[in-house]
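This report concerns only the one structure given below.
Note that the chains are named A, B, C and D in the order they appear, and that numbering of residues resets to 1 at the start of each chain.
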Amino acid sequence: MLQKNKFVNNITYADAILSATKIMLKKNKDVFVFGQGVDDPKGHYGTTLNLHKDFGEDRCFDTPICEESMTGVGIGAAIAGMSPILVHQRMDFLMLAMNQIVNMASKIHYISDGKLCVPIVVRACIGRSWGQGAQHSQSLLSTFAHIPGLKVIAPTTPHDVKGTLITAIEDRNPVIFIEHRMLYKNKGLVPKGYYKVGFGKSRTLSKGCDITLVGISFTVIDCINAKKLLQEKSIKAEVIDLLSIQPLDMSKIVSSVKKTKKLVIVENDWINCGVSSEIISRLIETYNVKFEVKRIGYLFTPCPTTSALEESFYPSPEKIAKVSYEMVTKKKNWKPRKIKTKEIEEFKGPF
Amino acid sequence: MKIKKFDYEKAYYLFKKIRCTEEKIIEIYESNIIKSPVHLSLGQESIAVGVALASEKKKDIVFSNYRSHAHFIAHGGNFKKMWAELFGKETGLSSGKAGSMHLGDLGINFIFTSAIVGSAISQAVGYSLALKMKKLNSKVICYHGEGAMDQGTFWESLNFSALKKLPILFVCENNGLAIYSDQRKRMKTLDICKKVKSFGVHTIKIKDNSTKNIFQNTQKALQRIKKNGQPVFLEISTYREVDHVGINYDFALGYRKKEKQKMMKSLNELKFLKQNTKNFKQIEKKINKEISDALNYSLKSNFPHKKCIGSNVTKE
Amino acid sequence: MLQKNKFVNNITYADAILSATKIMLKKNKDVFVFGQGVDDPKGHYGTTLNLHKDFGEDRCFDTPICEESMTGVGIGAAIAGMSPILVHQRMDFLMLAMNQIVNMASKIHYISDGKLCVPIVVRACIGRSWGQGAQHSQSLLSTFAHIPGLKVIAPTTPHDVKGTLITAIEDRNPVIFIEHRMLYKNKGLVPKGYYKVGFGKSRTLSKGCDITLVGISFTVIDCINAKKLLQEKSIKAEVIDLLSIQPLDMSKIVSSVKKTKKLVIVENDWINCGVSSEIISRLIETYNVKFEVKRIGYLFTPCPTTSALEESFYPSPEKIAKVSYEMVTKKKNWKPRKIKTKEIEEFKGPF
Amino acid sequence: MKIKKFDYEKAYYLFKKIRCTEEKIIEIYESNIIKSPVHLSLGQESIAVGVALASEKKKDIVFSNYRSHAHFIAHGGNFKKMWAELFGKETGLSSGKAGSMHLGDLGINFIFTSAIVGSAISQAVGYSLALKMKKLNSKVICYHGEGAMDQGTFWESLNFSALKKLPILFVCENNGLAIYSDQRKRMKTLDICKKVKSFGVHTIKIKDNSTKNIFQNTQKALQRIKKNGQPVFLEISTYREVDHVGINYDFALGYRKKEKQKMMKSLNELKFLKQNTKNFKQIEKKINKEISDALNYSLKSNFPHKKCIGSNVTKE
């Protein structure tokens, strides 16, 4: 385990992103950061704060509001040997850049049979709660995982967000780098210097023998909270942070499920044709494991704005705990207490 | 279309109502009762008021965006339901599913707005295509920021509206900002009208803040559209007083200077309208009552029932 | 079964689409057709041929090449009470319209709490073979199925394409209507007049008791051909045409799999996070069925242009038959003969 | 950049080579050996030749689209590998993975092309941004059809190139057609240069088919770019002789009339270049040999091995 010392800081997820970016801007002159508002006084939740001052306006710059072409600009620069990092304020805005991501970035290496490559990092932030509504809350992870040629990563901890971002920037492929607004303020121990967290590996956050909980991005927090609830019923949950969506790491899930025989996957997204269904299918098709499984995710509706309905829309520690309890005990006699998710409760906007 | 005279009293009423509404939002926002981003129109009221007074209420179709409080009020949207919507209540315009960023009221043909920059513009054009196909004698009014013109879809939509000769008025509210990004950081050429003209659309540029001037030019534009059935583009310079989102002044952020003259423009215009309104006292009373009624209504209303979340995902 | 008579024609898939469109243009003055080249001399493989002459240029018209805005125009017209049919020459081009489809069309009914609706039909054609390459061959079915508020349908037979298109046009929701270039020339019995084939129902095309084959769009043809191969080994396959991707019909699959205990799902798409994984997950999660399953689909690469590699990219009757044989017999001792898929073999371009 | 003189011989060689290549494709297409759509450049050769001769080979970066045979040949791409690519062979530019719609050759900085209309334009701009950032003293040449200007991304990209002062030459090959769709059916205003100018980019319009004229104007444009580091837009009127895709004349389809004068333009230009080329016989011989060598090479080459399908999906 990491300990706080002169090489290790206790910093926020946002600062971890900023730190990774600074290290890479220093290390490699081909790296640059661009996107709407990256050089503004808020610096995308602090993740790009003052980079334009520290590294010059050529290496961190604002753009017009035109996601399709700015993605194309990034791809073109990447083809030319640069390492662009393109920042989007919301995942939803990527829908305007799907042509560049799906039809172009993911295919250029293949079409050129390896002669060109597209080392672009597309950072996208998932919005949630406090009235984000239908158009500022989407996640769409599986949409990207569906496309060959892309890598998709969704780190949850400050440690992993820094390490995977460095890996993403050094990776020579287009990487969809998925952040979550509600994680930016979370703190954790993070080495100060350069280090990489590899793609294609999920992370077991805590051990348990009764049931396996797999979370993705923010739902990892939900799983951790659900584990606490389940402890009250003496149920020991193992929590896995999926972390890498594409490539997908089945090994930790397989060995955990072999042990627990029970699996709950908590999507940070709609379930239909999601990553959870891919995990289940691989377990069934390829691995000789007998297990019970439930998927939890966004309700299959657009996200409502009013807080009165938001709660029903999202997975929660209680929902996860309840489903898990019923799978483990085969009983329906427990209603978990409502646990406060501090990230959600403390958020007061405005954006 | 009858030629209307500018009605100072109505203008004062609407302008003041918008301003008071925004101020009320500011007043109560910290209490966290409106749990949702708000994009205030403070400073930009004269556009909504001038355009709305010139338009044909309940006949023209209005498209706006996430910054729509002013448009909504000026065009006469249901005020109580708007407030209830901001509060996330079941009596709101959309039972709370929409919130501030997606206001809509079909009673005045105010189409539920989008929070994706530029994404309603092509829909506004499509609506005007439908009006033409159905031979309905009305028009679409499409508000958008100058930032939305960064998006290619603006130029695609503009071209299509001209190509098909569609009855639509584009109203560009040029506050020179997209969040904290100055227009000059995003556009090489700032002469927006010149660009629009080169695509074959008639343009009118209004540089001052006069509600009357905006009203008159809008009326001219709408008449032109009625007459020759072709789009017109209106660019109106304006000023955003507070932060892009939320309720605070944002000068401390340092990205723009507080320009006292610009800050006063809207208030001066309001004062001017007031000077030309005899019974402004009554009007102010009326507005106060409307706001407190709406607040009470909204406070008393229930939140939508849980099961409401699953309704209206698809139409049966 | 249908019989050819004065009410029933033997016509192509393309003509069936044309017929449905004409019926609806006559029946409802709010219906109109638009899209690149719909009024050109080829009329999108004949599916829109001469509609502009028969119904006027207002009701069938060409557009500039700008998918995002034309989709928006369709949505705007739909909001205003029209019933637009927007035609895309290739599914891939929809990537340019994802913002309108995902962020707008699918959410407007919900955001307005039922006050607005968006009855647009987005027709999209999947390309295949003869050098379509990476950017003219994508299917991306599951991408749309992932989004609440959309309906997604992929008919395979002339009968169903006509019936579902009429249903789609009358449906008051956005419908992604997926066609396949290699189906346009296929013939089948089609009633001349107005009829509907409902959404949310898959179709059992032929009965069998040893294994269940589920196909989607063109892979239904592959499944039918695989069934023939399997007959040579006395294996009786049941073939199900999924037909409706969203809503998804589990009933026929469940009862078939209860019978056969063996399931092969053939995606007309990449497998990862695809519809097949959704089907498998629902079977496991919700239905008490014990079964073995394999997924077959596009290889997880962009589609190569050369015909030498295309074959490895796509599912084929042989691949399906081989996998099925091995599941049924537990033996690996059969290499099915190569069967000619006439749709693919006979195609000679140019587009 | 040295000022070059127009070299008739080189021009004749390239022009004739493009023409003979396209004719050879037509000759063998029915045999189904090229199992892939081809978009021929017949009629449009002078653009590729004029622009390529003016550009700095191996230094400038070239972006094109699915209709790229002429550009590829004119800029000096590997001819054998191009043919092998059309045949889907492992010796092709991309081992057959690309085919006619995605030709590329990094030996001459010819970027593998895209078949999605307009989608490479922003990438070309991005490449020129990288050139500027890396302080490399070269430029990007971006060919596109007038149809690509229907796409909003063109205007977004154009604006960005001007905003950031990027070294890029846009070459609009205006054949007035997008498949069978006339420009007038898609654009309200046909004065493309006026639109581009309003976005702040310098424009040059060339109405005739003269290779020399195109060469000279391109040279002027490239010099200007070198000097002030800002984008230039070239619009060149041209004529597509055969069908959009495939090898046939498409006049029988009835959507356009066969205009004999236009049909002859390119051949007349070829004749003119020939008249100014002394040893045209030798050149023709050379071309014939190049073509038959390339054909032999391609025919003898193997198809890629099955397992090759899985390589280069991602870079290790």
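To be clear about the criterion, contacts are C-beta pairs under 8 Å (C-beta built on N, C-alpha and C of every residue); 3 or more make two chains touch, one makes a residue touch a chain.
This structure is a prediction, so every number in the text was calculated from the model and none was measured.
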| item | value |
| --- | --- |
| Shared interface partners, meaning chains that touch chain A and chain D | B, C |
| Leftover contact groups, counting everything except chain C | one piece |
| Farthest chain (mean CA position) relative to chain C | B |
| Chain B and chain D: spacing of chain centres that average the CA atoms, whole Å | 46 |
| Intercentroid distance (Cα basis), chain C paired with chain B, Å | 42 |
| Centroid spacing, where centroids are CA-atom means, of chain A and chain C in whole angstrom | 32 |
| Whole-Å gap separating chain A and chain B, where each centre is the average of the chain's CA atoms | 36 |
| Per-residue overlap in chain D, given as positions that touch at least 2 other chains | 95, 97-98, 102, 114, 116, 150-153, 156, 159, 163, 186-187, 313 |
| Multi-partner residues of chain C (each touching 2 or more other chains) | 63-64, 66, 68-69, 92, 96, 99, 103, 110-111, 133-135, 148-149, 300-302, 304 |
| Contact graph of the chains (line, ring, star, complete, other) | complete |
| Complex contact set, residues of chain C against chain B | 30, 32, 58, 63-64, 66, 68-82, 84, 99-100, 103-104, 108-117, 148-149, 151, 172-173 |
| Contact set on chain D toward chain C in their complex | 32, 34-38, 88-89, 92, 95-102, 114-118, 147-148, 150-152, 178-181, 185-187, 243, 245-247, 253-255, 303-304, 306, 308-310, 313 |
| Contact footprint of chain D on chain C as seen in their complex | 36-37, 40-42, 62-66, 68-69, 92-93, 96, 130-136, 299-302, 304-309, 312-313, 348-351 |
| Interfacial residue positions of chain D with respect to chain B in the complex | 150-156, 159, 162-163, 186-189, 191, 194-195, 197-201 |
| In the complex, chain C residues that touch chain A | 68, 92, 95-96, 98-99, 102-103, 106-107, 110-111, 133-135, 138, 140, 142-143, 145-149, 246, 269-270, 272-278, 280-281, 284-285, 293-295, 300-302, 304 |
